[in-house]
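Heads up, there are several structures right after this.
What follows is a pair of complexes built around chain A, which joins chain B in one and chain C in the other.
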Partner chain A sequence: MSSLKSILRVFLIFLLAFAIYTIYTGSLTGYDIVTGVLVSIVVSVVFSGMIIKNPLKPLNAIRWFYLITYAILYFTYYETKAHVDVIKRILHPKTPVNPAIIETYYNANSDYAITTIANSITNTPGTVVVEIDETRKAFYIHWIDAKTLDPLEAKREIFESFEKFARRIFD
Partner chain B sequence: MISVLETPIILRVIGSALLCLGAFAALVSAIGFHRFKNFYLRLHAATIGSIWGSVYPLVGSAILAITVEELGVYRWFVAGASIVAAFIVLILAPAGSHALARGVHKAKVARVKPCIADKLDPELCG
Partner chain C sequence: MKTVEVVVLIILILALALLITVGFEHIMPSTAVRPPAEFYLYATYNPYKLREYTVMSPEAVTAIVWDFRGLDTLFETSVFYLALIAGLALTRRLLSERAEKPGHGLSLIVKTVTRITAPMIIVVGASIALHGHLTPGGGFQGGSVIAVLPMVIIVVFSVSFLIMRGFTTSKMIIMRSLGLFGIGLTAIALFLVSLIQGTHAYVFQNMIKPDAQTSMPIYIAGALISGTLWFFNLFEMFAVAAGFSIAFIVLMLARTLQVEER
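Let's look at the complex of A and B:
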């Protein structure tokens, strides 16, 4: 059973590497397919153990559905809201800022979910993750407009919906 | 002339709009670097330059490249390389921002100023 799982793991990473290679080169000539397959086999055999532990997770269609929903929502709604807010602050004559480093607590277990939440927070202008304490499950976030110092309220303001999606995708 | 009529004009409009948005965001980001007076505030301006300033226009250039039929088969190369570059910027730019912020805060190089509170190290506040 475990050997079947490791074969599936290698195969999934092979698909990922080959897809990236094909998209990057943008061609399906015989030469590109042969080099792509060779490179992907080497990469997948060496790195599959590091990249995924449970090969059944990437095959779950519900996770992919949440990933696509999250991507669309994130790139249209959340990014636009945060960008407009910070652009207003930059172009305002007085550059109004109200910054603080606040402490909030996340509630995710896998490394991928934590990284997704932290990257989502840092990728929205106005919030940068300064430090992560994994034993206390705490994010220390530099927030350009600290509306509150309370951990729970700050979480609701900044990343509650990111966490909801990240847990459904990766946990 | 025929090739212009055959290409879906809506894709060209979307691609050009994303490129214009990128130019605007890069300019605002540069202005923000000069107007904000503190290291941590400048990081927020840099984020505008990395997401609206490079991820969105890279996706826009991919959409635009698909419609330019003069490029022949190479338009798929331009589009694919743009998409992969956008994805890499998307996952690595925040890692860079975080590393800078964490390093500066740990080494106590810059103070958080102005400051409401600093829960990580209250000495660096103000």
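Let's look at the complex of A and C:
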């Protein structure tokens, strides 16, 4: 069973590596396919253990559904909302900022889920994850307008919906 | 004082504007192709009229670098190797490579992102090197891209992490030497073949020449490889990737020891 899993793991990374090789090369002649397959085999054998732990997760359609939903929702709704807020603050003659670094607690287990939450927070203007404490499960977030210093309320304001999606995709 | 500064600044800006306006035609490079470039573009891939001087590669830069001035590139590679030997000699007492505990490195977020990007760096570097005779790029460029990975791992994880994973300098030196050996062998391949056949050939020869009719294979199974160019790019990729890795590891080991001694 474990050997089957590691073969599946190598195969998934092989697909990823070959896709990147093809996209980067920009053509699909016989030469590209042969060299791409050879390079991808080497890369996937070397790196598969480093990237995927459980190969059944990437084969789960429900996770992919949530990933696509989250990507669309994030890049349209959440990004626009955060941008509009920051643009208002920049253009306002008094520059109404109230910056602070706050401590909040996340509730996710896998590395990828934590990274997704942290990068989602950093990518929206106005909030940046400055530091992470894995033992206490804490994010230290620099917030342009610290409405509250309470960890739970700050979490609700900043990243509760990100976390919900990230856990469904990766945990 | 302030008015003087402003006046000087205005004069400078006006002078620069005048210079650009008047000198535009001289400053801006002309879009026309110069005579040497015209010759190289004509000769790089010309199986019809120039069969005895062409390189059979559509990428002019690689054709110049590995064929028209191939010996020059070989010596450049040797200079790089000599620099590495000097670096290794200077830091030889560090190379016991105490693979003790790896350092803390950066945060979990950076580490996770590095783990995903690691295979992509290798794949992109390999693509640049393997298409060096077709598109801009080549062995040195591809090898440099691949060498980004050990650099990133050293910064994000730590140098002991890299060594514990098997990326020791001695293994890198072996890879580097094999790459150089391949380059040397490619350079004299045609000469050795003609020696056996009893015909006439040059060192560093790629395609047929007027008085040397042996040629490296232009196509392998229908794919254009442009003779020696493909082999040079492949071996140079290994040599350069390993060479830069040695340099990064040695530099960071020296720094770690310096911090510990303090």
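The rule we apply is simple: the second predicted complex is superposed on the first by the 171 of 171 C-alpha atoms of A that agree within 3 Å, B and C clash if a C-alpha of one lies under 4 Å from a C-alpha of the other, contacts with A are read in each partner's own complex, and residues count from 1 in each chain.
Throughout what follows, a residue touches a chain if its C-beta (ideal position, glycine included) is under 8 Å from a C-beta of that chain, and two chains touch if they have at least 3 such contacts.
A quick note: this is a predicted structure, and the numbers were derived from the prediction, not measured.
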{"item": "Simultaneous placement of chain C and chain B on chain A, clash or fit", "value": "fit"}
{"item": "Partner chain in contact with A:Ile20 - chain B first, chain C second, else both or neither", "value": "both"}
{"item": "Which of chain B and chain C A:Met50 touches, first, second, both or neither", "value": "second"}
{"item": "Touched partner set for A:Thr35, first chain B, second chain C, both or neither", "value": "second"}
{"item": "Which superposed partner A:His142 touches (first chain B, second chain C, both, neither)", "value": "first"}
{"item": "Touching partner for A:Asn123 - first (chain B), second (chain C), both, neither", "value": "first"}
{"item": "Touched partner set for A:Ser161, first chain B, second chain C, both or neither", "value": "neither"}
{"item": "First, second, both or neither for A:Leu91, with chain B first and chain C second", "value": "first"}
{"item": "Touched partner set for A:Glu131, first chain B, second chain C, both or neither", "value": "both"}
{"item": "Shortest CA-CA distance between chain B and chain C [superposed frame, angstrom]", "value": "5"}
{"item": "Common interface positions of chain A, toward chain B and toward chain C", "value": "20, 24-25, 118-119, 129, 131"}
{"item": "For the chain B and chain A complex, residues of the former touching the latter", "value": "25, 28, 31-32, 35-36, 38, 40-41, 43-45, 47-48, 50-52, 73-81, 83-84, 90-91, 93-95, 97-98, 101-102, 105, 112, 114-120"}
{"item": "Contact footprint of chain C on chain A as seen in their complex", "value": "13, 16-17, 20-21, 24-25, 29-31, 34-36, 39-40, 43-44, 46-47, 50-51, 111-112, 114-115, 118-119, 129, 131-132, 134"}
{"item": "Residues of chain C that touch chain A when the two form their complex", "value": "107-109, 111-113, 115-116, 118-120, 122-124, 126-127, 130-131, 221-224"}
{"item": "Residue ranges of chain A in contact with chain B within the complex", "value": "20, 22-27, 79, 83, 86-87, 90-91, 95, 97-103, 118-119, 122-131, 140, 142, 144, 146, 149"}
